[in-house]
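Going by the order they are written in, the chains are A, B, C, D and E; count residues from 1 in each one.
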Amino acid sequence: MEEGFLLEQKTLEGDLNSETSHQSSVDFLMNWFRKRSIFVLAYGTGCGAIEMPPTFTSRYDAERLGIRGAATPRQADVIIVSGYCSYKTLRRIIRTYEQMSNPKYVLALGSCTVNGGMYWDSYNTIKKLEDYLPVDMYVNGCMPRPESILEGFIELQKEIGAGKASSWQKYEENHEFYRKNQEAVLGEKVEPSYEADWYLYEGGL
Amino acid sequence: MMINLSNYALGHIVLALEMSHLANFFAVLILLSMGTLLFLVKNYALPKSFYALSALLSTSLFLIVYAADYLLFFIGWEVMSITTYFLLSFSVSQKTLHKYIIFAMSSALALFIAILMIYSTQQSFLYSDARESFELMGEFQGVFFLVLILFAIFVKLGVIGFHYWLVDAYEEAHDIFTAFLSAVLSKMGVYALIILVVKVTQPMLALAIIGVMTSIIATFKAIQEDSVKRVLAYSSIAQLGYIVTVLGVADGMSGALYHSLIHTAVKLLLFINIAGVIYMTGRDKFSQLGGLIYKMPQSFVLLLIGIIVLAGMPPLGGFSSKFLIYSALLDTKYLLLLSGVMFSSASAFLYIYKLIYGVYLGHPSHKKLESAKEVSLSFLLPQYLLAFILITLGTFPALIVPYINEILLESSLTTLSFTHAGELISAFAQFNGLIVMSAFGTIFVLVVIFFVSTRSKAKEAKNRFDIAYCGEEPDESTHLHYGYSMGKELARVGILRAIIKNSSSHFYEYLGKQTLSFAELFRKIYSGKLSVNFNIAILFLLLLLWGSLR
Amino acid sequence: MILLELLLMLLVAYGVGFLYYGLYRNITARFQRRFGPPLWQSFFDSIKFFLKEESTSHGWMFYLGPIIMMSGAITTLFFIPFFKETTNFSGLSSYGNLFVVLYLLVLGPLGNALGVGTGGNPFGAMGVTRGLSRLFALELPFYIAVIAIMSLSGSADISEIAAHQSTMYALAYPLLFIGALFSFIGMMGQSPFDVVGAPVEVYSGPASEFSGKFLALLMSQSAIYTFAKLVLMVNLFLGGAQGFLELLLKTFVLFLFVISFGSLYGRFKTPQSIDFLLKVPTTIAVIGLILATWS
Amino acid sequence: MFKTIKSNFATADVEVKRQDLYKVVIKYDRLSALIDFLYNNYTYKILNAITCTDWIEEGHFALTYLITTEDRSNTFMIQTLVGREDTKVESFSKKFKQAQIMERDLHEMYGIDFIGNDNLKELSLENWVHTPPLRREFDTLEFVNEHLTFREGREDNVDVKAETKRLRALKKAQKEADKKAKEAADASALKENEDGK
Amino acid sequence: MENKHITIFHGPQHPGITGNMSVELDLIGETIQKATTHVGYLHRGFEKLVERRTVIQAFTIVCRICVPEPDPNEANFAAAVEELAGIEISERSKYIRVMVLELSRLAAQFLWLAGQSGSIGLYAVGQWAIADRDLILDLFEELTGARVYHMYIYPGGVRRDLPEGFLERVSKLLSYMKKRLKDYDDIFINNSSFKNRAIGVGIISKEEALANGYVGQVLRGCGIAADVRKDAPYLIYGDLDFEVPTELGGDVYARALVRRAEMDQSVHILEQVVEKMPEGEIMVKMPAHRKFKLPKDDTWVKVESARGEFAYYMAGDGTEKIRRMQVRGPSLVHAYTLLENLLVGAELSDVALIMNSLGICPPEIER
């Protein structure tokens, strides 16, 4: 029994390290630390949140892969958009996302984030998350099982390790595009108070 | 080394002035306060009589300090009390004035009787005869004498139970005068305690216990207050509580003197700082201030130095005096008292943080505060001077030890050992302020260098509302300043609620009501409240005189 | 020479601190019936945060807050000798004493509190208030115990106190030790006194607003701080140590006790924890003090 | 009880739906009197829910108040019909505290004004400027098509019957194509075979 | 002008909130002066979506109304449809439904256990409880094919028959649970730190609870034995032997004790169901789903969920589609009328505790 578990752990970790890439050793080290430590924001945005406790507790124990929860967006690396996203929540997600520090990643859970899922004709949920936020990894299903969430995390970690997960750069570069889409559903007046050049900030200590 | 200035004989009463080291020490405190506060004067349109009365007040203070006999001391004390009354009357409400004058008069009365008791044993007012006179008194008379003296001094110090007038007066007095009250007039209480009690009697455990109780209770009272000046007033009471405590034990004089100096300097610094804030914003409550740090950065840093000293944190001067106080208590094995003092000192962190948070940190609680600017140099200069003194005393804690030793020698007490200015040595341990300061400073600089050179760049938040706020977005109308609320939760703790909720004012209000109804009888004969008080006082005085001389 | 020694002390504290944190996470994981993270996970976390591309700052005081905290932690460490009866690894302890250390222990958190206040996050201010409210209750039993042992040892010098114990004070004066231990659990931020950063109540308390390298610095200092506190406790009550092995053994036993205690109890409310600390451990410590110094 | 209700309030008999569920339809102006009657004379003291059904064809809302006895063994459905446009209804929030939130919900979803309810702010929606969503004239699909984009490839929004037909035709065509291809392949194979020979 | 209080949000992005909702709190110190609940972060317009779908299409989405325990929704929906269409289901399917409902209640109580212990920082209990809940989810997966959203209680019966040996596995789980639940008593329910936090917090009076239409553990925690299973028995609950546990305190601890006792009762009911499970059909004959029409009629059905009475109002209009389906979950009144009153005067530390003990579940409030 335990052997089987240890075997699984070994496989998962081996899977994590399987990606070989051509990076400078500094980048490699940096990305290695980044992928080995993932703080997930405690934000159950939709019904997928019900499978988060199993993922993070004793049965599936995401902490063995270095994945753990973080209370505030300031401390988090990953925001999980767990399922459908009503406009009211979308606004909070955008604000929260913009408060996270670079590099940051978005993991989208469930079919609803892909194409609206069950709620394709609902007047209050968005249908395609990537119009509003850059998504690093979609985990499909309604709802995704803890195993698939872990799988999604490992894929994300591999991409981080290879330096390929760069959705945050995409968000910076295409900020106007995202902002336009966000305004289209949230309305002009609900614009979060950051200015558009917020991301162009340079310098600092 | 004593220098007798003069000896005048009035009948068989000998009056004397003398310039002892102790007197000089307190004179320096007076000069320091007056010197620094003078900077501020030009910012305010003060009535001419204010200056005249201040001059009178300072004269009386020097008379108190340099008197070598009780009669001159008493005259000085009286003049001080009465000029204080007039100085207070510029801004203080009638009610508070009444409170003050009743307490001041009864304390004067008590002092006077006590002095007469000393005189009646040996027919001498001189300090030099006092100890002998006290020993000659009978058991009952001795206790009675001490009670009277301590009552008089406790009123001036505002020891808990006698602080009824003090907090209100501090709050309502003119900003400059509050600083003076806290920095100097309370030190006169300390001086009186040394002259009239410590030098006359054996160390009294009761005094130490009262001191500890005072500091603990005043600390918890301070935590609850919303007004900045009231917090500082309670803080003064608490700090004086330490001095009273340490004067109650043997070998406590060095700690008491050191702490007097530190407390004078730090309270001047804090009150001048707060005066600047009030001058700039017109607000004096935590619930109305906040977020001034980037508007008034220099004031912030100066207040920061002040509160570090007030907290007794190691690199600055506050620790040096605390260290002496702790050592004295440890040395005399008053271990529970020491725990009490340290407990009070640890509790003080809360109001100390509230002081700086409520005024400078957090969010501005009103739009007006966003347009505040740095105060003028006349506010800043004295603060820089005081901050320099405090930092120097932290780095070289033993700098004034030789001088304190002179005072101790003069009172024939054991002196502190002295190696060099950086090292403060007590009976139990020593610490090297220079090393602590330079270690902390060096590490701080190294960490800053390391931190600046890391890969991650610090990005300024766009505005003050860019905070992690559970996904929601605060705006101008959201109350985010926690200044008022700090420490309010303590009222939920059973033990502390007794301290926080009960107040001596209940007792005095009850007493006041009884007196008023009693005074209704006299009202038909006398008119005017004050005169009634005076008359009652005179009656009472006659009664007591008769009692003590019989 | 002394600089080298100080550097070594720092490295040892940093490494051992993170190692203990890793062990802590693994041991609690086993309490919770799970596998737990890699041993050095906390270290990875802190390095990861140092490597963040950006961190949000709220002005220079906010910037300096964690730095003061880190400086406080390192300074505290340097004033605590690792071993007794030797000057090796005694750092700067001969220039300070227990009073200095007791105050230095608070210096860092207070400095950080300034940063927290500047950040303007109400949860941060609430966390700090909780911390400071709890602080005095926490310190009282500890102070009583420490004062008693200072009086017993006749010195306020930590290495002398450590050397003075022929039988360790924890055994000779168990009541004092128990009183201090309650405080120590709180100082280590363990249940039931972990009110400061309680995530379900005040978000994450003082740390709410710190991101990226600020958080990394806070994590690193916490590792150093933890070790410093453990060494202090060993010196004061467990008879000090004579070599690294003894030091690690004693600190680890203490650490293990604290975390086991922490994972078995829920969290008090702030007033409850103050009430409890002012009643039970204080009474124990006072009785201990009276018994210890009666003669 | 039923007789009193019939004679004093209702237009029709009380309908016994289940042994624990009665239903009565009454005029709006007798609603509050009936609820008071049940409240005062019997133990129907708990307001369980207020629901609204939009009968757009008939031009009215059916408001249903569900009142339960104190021992929760029996529920009364009191239904009343009110107009669809600018509906104004007396609030029950003074009598039943929980009515406040239920009415707020209905106000948001149907646009019914509850007079006397002091808080009718938005409950679930945020900055909603369109038709109240649960009214029948609000077409959610149209709204979605107008405001949101789908990922390409999503084909939910089709008529099932037509789609089935289309798929069948597609399948058939595929089959035929397959058949043809097979035939061709067979033919070519045959040819190759023949060639090989 | 004066700024004595401080306004903070407890949620939506907060570790101490039950789901995606928020409570706006005005505090002085940490004492709450005013609480305002905000929901709507999860509003999907179920009631609108149902109106657009045929009955069986609607069946697939109703379970998503309440995430922590979807089965009461399915049961309610099926019961309402059956009542409107006049369908009588078979005995076996009734038993299977009861089994599913009770298993789901047990799972929801474990989730509550995790939340409640997490709200006082006792994380070990939470970890255990979630893992134990997973054992139930495994059974669900075997039975229905899904861990969370089962779509199993089909109008007219249940979707699939029990797999072979399923009942044995259920009884095996039950005997494990019986042993395991005692551990939770030791480490959580009887833990002094939980008692310290929970006793005397969030007290609800009996009169208020009755008058304002509160349900479930809130009523049972103040001594009223309210339980739909007893008051208006549905399915086969009338034939089963079980008790409605009550406590008198009316506080968080009383509600915790009630919940804990309900877990025992669930196990007890499940044992009976396993024992009595009859043979027979699982589905009655149903019309083809595209031709399945509901008459123009309405009804009100309710079941007892893990958090109290869960009711549906359903009206048909003679077509294939449902004219109106209103969901009245237990949380609507609890989250507003109750929570907003209960929090005033409480401390910030109590918020998570009280919310968990009320079992507030936002998706069923806003649907």
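Assorted remarks:
What we mean here is this: a residue touches a chain if its C-beta (ideal position, glycine included) is under 8 Å from a C-beta of that chain, and two chains touch if they have at least 3 such contacts.
Keep in mind it's a predicted model, so treat the numbers as computed, not measured.
Considering the contact criterion stated above, the chains in touch with subunit A and with subunit E alike are B, C, D. Between subunit C and subunit D, the least number of touching-chain steps is 2. Using the contact threshold fixed earlier, the set of chains in contact with both subunit B and subunit D is A, E. This structure's chain pair with the greatest number of C-beta contacts is B-C. A simple rule picks the central chain: find each chain's mean C-alpha point, then take the one closest to the mean of all protein C-alpha atoms, which gives C. Each chain gets a centre from the mean of its Cα atoms; for subunit A and subunit B, those two points are 57 Å apart. If you average the Cα atoms of subunit A and of subunit C, the two centres end up 34 Å apart.
Subunit B and subunit E have Cα centroids separated by 62 Å.
The distance from the centre of subunit B to the centre of subunit C, with each centre set as the mean of the Cα atoms, comes to 33 Å.
Counting partner chains per residue, subunit A shows two or more touched chains at residues 42-43, 57-59, 71-74, 88, 92, 96, 99, 101, 121-124, 204-205.
Annotation for subunit B: residues 451, 456-460, 466, 468-472, 480, 482, 485-487, 489, 492 touch two or more other chains. With touch defined as above, residues shared between interfaces to two or more other chains in subunit D number as follows: 124-126, 133, 138, 140-141.
Here, these are the chain pairs in contact: A-B, A-C, A-D, A-E, B-C, B-E, C-E, D-E. By the touch criterion stated above, subunit E contacts subunit C in their complex at residues 6, 8, 14-16, 30, 117-124, 127-128, 131, 187, 191-194, 196-197, 347-352.
Residues of subunit E that touch subunit D in their complex: 39-40, 43, 45, 47-49, 51-52, 83, 210-213, 226, 228, 231-232, 290, 298-300, 309, 311, 313, 315, 317, 323-324, 326, 328, 332-333, 336-337, 366-367. Chain contact summary for the complex, subunit B toward subunit C: residues 291, 293-294, 300, 304, 311-314, 319, 322-323, 326-327, 330, 333, 335-336, 338-339, 342-343, 346-347, 349-350, 353, 356-357, 360-363, 428-432, 435-436, 439-440, 443-444, 447-448, 451, 454-461, 464, 466-470, 480, 482, 485-487, 489-490, 492-496. Residues of subunit D that touch subunit A in their complex: 124-127, 130, 133, 138, 140-141, 143-144, 147-151, 153-154, 156-157. Of all residues in subunit A, only 41-47, 49-51, 53-54, 57-59, 69, 71-73, 84, 86, 88-89, 92, 96, 118-119, 121-125, 142-143, 145 touch subunit E in the complex they form.
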